[in-house]
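See below for the structure under consideration.
All chains are identified by letter, namely A, B, C and D, in their written order; residue positions are counted from 1 within each chain.
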């Protein structure tokens, strides 16, 4: 149905616009949404000199890693909200997005973050009415698992 | 003893130089070490438009919070290493600093991060030979507790 | 006012009865509430052979530690609910207690759990309408800090 | 080679004996190792009245869940140590087992723990020389995901 497709396109636009352009710190991180499906959330960012933590080895700062994984978790939780709101207007969905916030976050730093670019993925563990839980993973450009995380988000 | 004082001054210089200037992402965050004593680690940073997460309310991005608390935890763990290395040369201490890395991190986001500047504090829970555990807290300029964290660091 | 005091006594009775006797696994752990004030939540349990993890050194099993700290965190969150429900009947309070559940938990094992008895304390970091966050600590009978924890609880 | 096979059998015996029988609290939990391969660590336990947390609904106490997941994580970390010690005698392996301890643990409680029995699985995220990181999952007898966890263990 043309109206539903227009609605759906509008929602993807809202999400992409929000996460890539409207959230200032996401712009600093240079985040780009590569895939936005419930079964596959992927976010990519390029390495920059400004992101270095260990300057001797040119390794990603742990804070960049936690920021990207937290944002990816929030984006994944948003998709869970979207699923529950199937049929709602894009405007209503956009409004509920503003209510999503991180309650807590755990990051495990497994290997040094070396690479030209990195990809973060997210998966929903539990999509509740009030609270969602997601798991996230960060890979470098050689598909090496750099870090993993778990996030708890308030969604309603 | 003059030599010990010169050594001690040299060590504070090494730590400050490292955390404020040599680590690129710390410069992006604008971190400034206010206090560097075992019983009082304090790090301050000013709010910037680039640090915003929720642009509607002008609130700190969760990624800035996790980055600052992780860095403060690492700095706190460094002091634990310093204590154990009393008597060692500044060069040896500087070298051991490069071995410190975050194993894992938990951040709890308690209240929206609104303020002109923020202060992060750290305290050592356990200073081991190989692993240290620290607790961190983030306050805004009204002394409101914005977030807390716990970090586990490899130190040897 | 006599009615308020009877109400208050009734509420403490409800909490103590629930946590010490009605929750079967708390009975297995032998938990005893020592103090039940917002500014001081204390729970005590005696060491038992059945609680040993490392049989070589007679040290507390990590699972006993996490169980006790989680329960103490839930109890602490309950007090936060109680504060918000000042004036409500004990029955209404008892009913809201059944809604409290752990969302997630972090435990840091700092030192071996050796002792004849142990005391767990809890403090509220944030008492929200829907979600509460608490910090917990476990000491042995020599006041040595054995473990710390942070818990996120759904409270409404 | 017969000697290697006898060695291998001896090692499985050591692990099973340790985790099911020698660790008192594991006996209280009634843990049974179902599978002990690096690619598949599975631990099972039966529901008991003593394990109830919410007596209204007959649901598993969160402390039982954290205890089982922590133990499963430690068992998984042990296998990582075993891999690195290929060729060592069972006695040497047994000795290194005593050095494994939990540094920290995160548990996410996703759904109420209802069932006749439960199965916990573990997977290694990182098997280091000093520190290992594992992810764990708990399913009920209907294959519903009840809880997940991440554990950091000192292994050397």
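In this section, a residue touches a chain if its C-beta (ideal position, glycine included) is under 8 Å from a C-beta of that chain, and two chains touch if they have at least 3 such contacts.
Remember, predicted model here, so these are calculated numbers, not experimental data.
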A-D versus B-D: which has more C-beta pairs touching? A-D
Round to the nearest whole Å and give the separation of the Cα centres of subunit A and subunit B. 25
If you average the CA atoms of subunit B and of subunit D, how far apart do the two points sit, in angstrom? 34
Centre distance in Å when subunit A and subunit D are each reduced to the mean of their C-alpha atoms: 31
Out of subunit B, which residues touch more than one other chain, so two or more? 103-104, 106, 108, 133, 150, 152
For the protein chains shown, what form does their contact graph take: line, ring, star, complete or other? complete
Interfacial residue positions of subunit C with respect to subunit D in the complex: 22-29, 49-56, 61-64, 66-68, 70-71, 74, 98, 101-109
For the complex, which residues does subunit A have touching subunit C? 103-104, 106, 130-131, 133, 150, 152, 154
Within their complex, subunit B touches subunit C through residues 106, 108, 110-111, 125-126, 133, 135, 145, 148, 150, 152
